[in-house]
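Per-chain residue numbering starts at 1, and chain names A, B, C, D and E are given in the order in which the chains are listed.
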Amino acid sequence: MRRQKERRSIKSGMPPGALVHIGEKKSARTRIRLFEYGPEQVREQSAERIGDLPSAPAGAEVAWIDITGLHDTGVIETAGERFRIHPLTLEDILNTGQRPKAEEFDDYLYIVFNEAQFDPETGRIDTEQISLVVGERFLLSFQERPGDAFDPVRERIRRGRGRIRSFGCGYLAYALIDAVVDRYFAVLEQVGDRIERLEEALLGNPTREVSTEIHGLKREMMTLRRQILPMRQLVEDLLKSESKLIRGPADIFIADIRDHTLQVIDTLESYRDLLSGLLEVYLSSLSNRMNQVMRVLTVIATIFIPLTFIAGVYGMNFRYMPELEWRWGYAAVWGLMVTVGLVMLAVFKSKKWL
Amino acid sequence: MRRQKERRSIKSGMPPGALVHIGEKKSARTRIRLFEYGPEQVREQSAERIGDLPSAPAGAEVAWIDITGLHDTGVIETAGERFRIHPLTLEDILNTGQRPKAEEFDDYLYIVFNEAQFDPETGRIDTEQISLVVGERFLLSFQERPGDAFDPVRERIRRGRGRIRSFGCGYLAYALIDAVVDRYFAVLEQVGDRIERLEEALLGNPTREVSTEIHGLKREMMTLRRQILPMRQLVEDLLKSESKLIRGPADIFIADIRDHTLQVIDTLESYRDLLSGLLEVYLSSLSNRMNQVMRVLTVIATIFIPLTFIAGVYGMNFRYMPELEWRWGYAAVWGLMVTVGLVMLAVFKSKKWL
Amino acid sequence: MRRQKERRSIKSGMPPGALVHIGEKKSARTRIRLFEYGPEQVREQSAERIGDLPSAPAGAEVAWIDITGLHDTGVIETAGERFRIHPLTLEDILNTGQRPKAEEFDDYLYIVFNEAQFDPETGRIDTEQISLVVGERFLLSFQERPGDAFDPVRERIRRGRGRIRSFGCGYLAYALIDAVVDRYFAVLEQVGDRIERLEEALLGNPTREVSTEIHGLKREMMTLRRQILPMRQLVEDLLKSESKLIRGPADIFIADIRDHTLQVIDTLESYRDLLSGLLEVYLSSLSNRMNQVMRVLTVIATIFIPLTFIAGVYGMNFRYMPELEWRWGYAAVWGLMVTVGLVMLAVFKSKKWL
Amino acid sequence: MRRQKERRSIKSGMPPGALVHIGEKKSARTRIRLFEYGPEQVREQSAERIGDLPSAPAGAEVAWIDITGLHDTGVIETAGERFRIHPLTLEDILNTGQRPKAEEFDDYLYIVFNEAQFDPETGRIDTEQISLVVGERFLLSFQERPGDAFDPVRERIRRGRGRIRSFGCGYLAYALIDAVVDRYFAVLEQVGDRIERLEEALLGNPTREVSTEIHGLKREMMTLRRQILPMRQLVEDLLKSESKLIRGPADIFIADIRDHTLQVIDTLESYRDLLSGLLEVYLSSLSNRMNQVMRVLTVIATIFIPLTFIAGVYGMNFRYMPELEWRWGYAAVWGLMVTVGLVMLAVFKSKKWL
Amino acid sequence: MRRQKERRSIKSGMPPGALVHIGEKKSARTRIRLFEYGPEQVREQSAERIGDLPSAPAGAEVAWIDITGLHDTGVIETAGERFRIHPLTLEDILNTGQRPKAEEFDDYLYIVFNEAQFDPETGRIDTEQISLVVGERFLLSFQERPGDAFDPVRERIRRGRGRIRSFGCGYLAYALIDAVVDRYFAVLEQVGDRIERLEEALLGNPTREVSTEIHGLKREMMTLRRQILPMRQLVEDLLKSESKLIRGPADIFIADIRDHTLQVIDTLESYRDLLSGLLEVYLSSLSNRMNQVMRVLTVIATIFIPLTFIAGVYGMNFRYMPELEWRWGYAAVWGLMVTVGLVMLAVFKSKKWL
């Protein structure tokens, strides 16, 4: 996970609802896109200011206003006024780092959650906060940078594929959440590939880089898990909610998201277990290798120490050392030393110390 | 567990309910088998296409359509249309890797769970997704490859043994789930045998292969546990369900499956504990052995180092070294060295260092 | 725990309710004992077949049929027919390895749980499955081998001590469960004694046998815990049950069993903690001892290595080595070597390395 | 915790309600003290037998009979008959080692819990079982040995301080429980002091005694935690109870006890964490120190081994070794050896190995 | 966390509600500040005694009496009498070290929680107990020392910013709690910075100081977590409460505090995980480094030991050692020794032991 650099503390002391963007400035400029559609027609329009949008969605049944880039608090404020959004909701939209949640207000439903992206270079998982404000006939979506998670949904609206054009805002909200949850599967597949590569690397040569990467991935898994767990709560809240904004024909689809979320959590847990297992294997293979090295070296030293002692004995300068005068003394000592060495080697081999 | 190679991400961006088979192609061709039976009669028929089957189960009370092989999405689609199955259900049938669950729809009950098989060669547990669609007078079962888990049920229908022919679809669903849960016991018995063999191998000689196998089995146990836990939820859901499709005379039998599931979970937990214990024993015996080796070697070195020093002393070339001139100097030094060596040996023995 | 050798898999594929004894044949022959009693009278009778028993308990209020040995499925089947026991209950009675549970049927209450016995020789805990079928005026008890857990209850019935003769079947069931739970206390006391002995052995000399025994006891504790936990659920179920078979005057006594079960679980947990603590102490004392040995040995080697070097220097054969010609050169070198040795000793002592 | 020496198993086989004292005989003789009081008057009286007490509390509103010493089962039995206490309650009073619990009977409320005392010499926590039988106008308290936990309550009754004289038995029960819970705080403060001392000792010199004490305290914390956790349940049960014996004006005070119990549990948990942290610090500082020693010693050996080799080379007896004849050969070798030694030292220093 | 030096035990034996300040005397003198405000006006006044304050808040809607310094129990007692606060509440206000909680009384709501401050010098987190007594038209706040957490709220009241002047006591209570929760974010940001610095330090050079600091921070996180967890309960209790003192327009703001509390807990958990990960990295890098050092040193020793043996052999004094007489014997031995040394080096390199 990218370490959060944003400083929530700058807001400390401000009254609740004060609008300050807390988060990295991820997008150069704020962009607004409007989709107006019904079963029969679809209209698409871009703007830089809320004011540029047509005031009321005329004949269309759903107006989806998709806002990218949060640093321009003016845009958010205008949107808030126009769609009568509570200041606390606006605050949550701007302060990235929210826990995923669904909150019901009188006129709308506020849903906030995270999108995840795996950066294959750093091996880190990048997240971005996405907010949905679901009204009866409008849906506002807020994200920090232009992402492509929503692209398939846009395509489906344009081409009128599936049920999306016939159903209302609730179904659009479902489709957007589903698109984001589907991204988690892609992230997990990339993580799975990386784990497989790490597993093979471990069998070959357990280097320190491998262990660092395992530690890193494990941490990412833990952080991702902490983000996805409240997501489950969010979906359960939607299912228990009595708001007609989200319930209705989209009900069974939300149950589907719940299943997907549980699958993501299951996969996360099993990856975490796999990584813990890999770490254990790494540590034990490391200590195994170390032990082997030390054992071989110690055995070598242990064989030569008595031999050196023997050589030392016959290096002594006593006047009366009969062996020194023997004709075959030198050869005998060599024989002795070779014998001692071989016997020790044999003993060590038989005890499996070598 | 076989690593899932299927790529769920290829579906990312598709509308919900899009039918794509996610999973390995485990069976060469799709095969459809029809069983029509009532208390008095039974009729069996094979086909390659749904269209080849007789349109309506005439006099019979239960029609069991057993479909093997999921890669031919056309078959699934036709079945979906004929039995009015919801697109999300069809999607779940095709996307293997579902969590076990039971979902109630208007006309049918959808139950999905996994069968397990132990591969004694690799020591891995192979799983396969099984889906049941239980209607009032029909039951569709979907599996990836032709398995023999259902064979005993087929036999019982043919021979009219037990209650199976007199009861309806709910009881058939129970019989199929029960047959699969029974397979888990067989898998666990094989795992139990393997654990026993590992235990004996550990007492003999703790090699690295043993530890790798323990790690592997432990991982299998964890993955299996993650698959069987939602199975418990599934059965609880069936018991709490108010659908008349499954409830009724089969009620007490479902309670029986719950007991079996709990027994499987208990056995799994105890195997996991056993394996953790074996790993601890392995590690401690390994470090014990290493310590013993190092201690013996170090003791040997420590005994010879002072002896070598003594030899070194009398190897010095000083002109005035009275000992060198003594008649019994050489013998005395040998005596000294033997004494020092024996004393050290005795001390080390008395301290239990050898 | 004795490893379960029984093969549940031989039943795989049989219809539910098929009667096969799964378990070790623990008793040579099946024995049936009948107790008929009321406040005023008691009658005792033994038989080998159910048919030999008088058909209906005449004036007596409670008929307790106590069956020992399960391998003769015919006996169980006859009893099942006579007392109208559901086939699934008969199956559970025969398939040892059930989780403790209480199940209500129309005419009777089925209770299954385990008795435990500590085998002081192997240090293992032996368990045996006990089944109770509690009807309005009869109680059937099934066990695998003749045990003495029920003896005190039999005595109390014979002597008419306590309330047992005046109360009905519910109280008898309570008395039998209570007698078995009391056995757990005896088992735990024996385990407690063993832990105490292990603790003392650890303080004396931490051998590998001690660690093996600790590991073994810990495993026994975990398995026993897994067996006693569902027992708690069983008692809670009895307390929540609305069946008049067990509720009534025996109510407060069942609450008493619950307290005892909780005490057993508490003791188990604390023993498990104690054993984990002992293992930690064992491991740390082992590594402590190893460290101490290695340190002492290394210090000895480190002291002699520089001395050997000095001796080596004066063993060199250079023509011009002034020290060699000195009158007190040899003595001076000894002085140097002793000084170096003593200084090193002092330094090592002062640093607490020796 | 004092290891429980009492043998519960001697009761195995006895009918429920058999009165046997299970526990150490902690008090020489049984002592009975009677307090009779109302808002206006208070009367105090001691006795050795229940029969010696006046038969009915005349004008007074509350009669508190405080019994110390449980080994004389006759006293307990007489009290049981006089106040119509259920045999199972009497059994629980005598069998020390009960889990804290509150049980409602028709005429009275039975509360059992533990008092704790820290023994500064052994570092162990001593516990004693306290039973309260709370009737409408009487309260019986049972403890194993004369403790001073109840003294402040006695003082308050005598002096008429606080609300105690105006309120009934429920408030007296509250005051007694509160006095005992307050003792836990004192125990925890002493433990806290000891932890602080251990922390300082660890910084100074990590000896094995320190680790033994940490292990011991950790075990005490775990056992105390297991005793205080059911205490929380007890208080919750009192708060949920509908018995008018304890509810009423004392209600808010019981909520106060609950807060205190939660505080005790919190402190216990944090002490346990602290002790675990200390153990980790101890282990890592131990291995750190060991590593340092070994490293220094190995570096010394490594420096001298090449030097000894050089000396060995020039101790060889070859006839043609030109260096030996050189005028400054000896000095040159010294120079070489000093250089090699210094270079190695420098390398080791630069690599931070020394 | 500052170790609590306060001695709760001095209260042991006192009747409940006895007013003694338990805690450090953190403020020189008790200070009382009164804010009276309504939508239109605001009046501010300081005093040293409660009696100095005007008796009844005349036209104003909210009277906020802010009391700093708790050691003067007289002030608290006077306030208690004037606002009819229950003695147990007064006791809780004075006994710092309460668990955060919300308690409803007839006339007021008592809320107690902690403020946290990070001391960058010691790396410890300092906490202070804050009590709020929320009546219908008054709010009393008690803190141990003059802090600045409430300053922004005072500013907002003075300037009439936001909703604060128009809403009642419930909203003021919310604003005060919110201000304190916001401080937790500041504390966590400082901890986050420190963790980042530790992470970099670990990559550079893993010293023992780093590990001590990690251990310390981890402990702080655990203690802080234990303080913030009941805070969540507190907010849930406020949301479930039916008291009109706190519910009403402030409702949605309290839900906001709950979200913030959950975010604080999430961040705490992730910091704890990060620190555990850092500790693991530290330990493994330490043992890695140690292993590397030992391996290099052992390899050096192992290379020289055979060479020294060779030198020893030719240092022997046998009369008949043909090699010694050879013309190129010395050179040949050098060649042999260099070859042996290089071969060993090559072998060790190829095996990656160096």
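Here, contacts are C-beta pairs under 8 Å (C-beta built on N, C-alpha and C of every residue); 3 or more make two chains touch, one makes a residue touch a chain.
The structure displayed is predicted, hence computed values, not measured ones.
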| item | value |
| --- | --- |
| Fewest touching-chain hops separating chain C from chain E | 2 |
| Where chain B and chain D are represented by their mean Cα positions, the distance between them in whole Å | 43 |
| Centroid spacing, where centroids are CA-atom means, of chain B and chain C in whole angstrom | 27 |
| Touching two or more other chains - residue numbers and ranges from chain A | 294, 298, 301, 305, 308, 312, 315-317, 321 |
| Neighbour-by-neighbour ring order, given that chain A leads and chain E comes next | A, E, D, C, B |
| Contact footprint of chain D on chain E as seen in their complex | 3, 7-9, 11-17, 86, 88, 92, 97-99, 101, 103, 208, 211-212, 215, 218-219, 222-223, 226, 230, 283, 286, 290, 293-294, 297-298, 300-301, 304-305, 307-308, 311-312, 314-317, 321, 323-330, 333, 337 |
| Interfacial residue positions of chain B with respect to chain C in the complex | 151-152, 155-156, 161-164, 175, 178-179, 182-183, 185-186, 189, 192, 196, 252-253, 255-256, 259, 262-263, 266, 269-270, 273-274, 277, 280-281, 284, 288, 291, 294-295, 298-299, 301-302, 305-306, 308-309, 312-313, 315-321, 351, 353 |
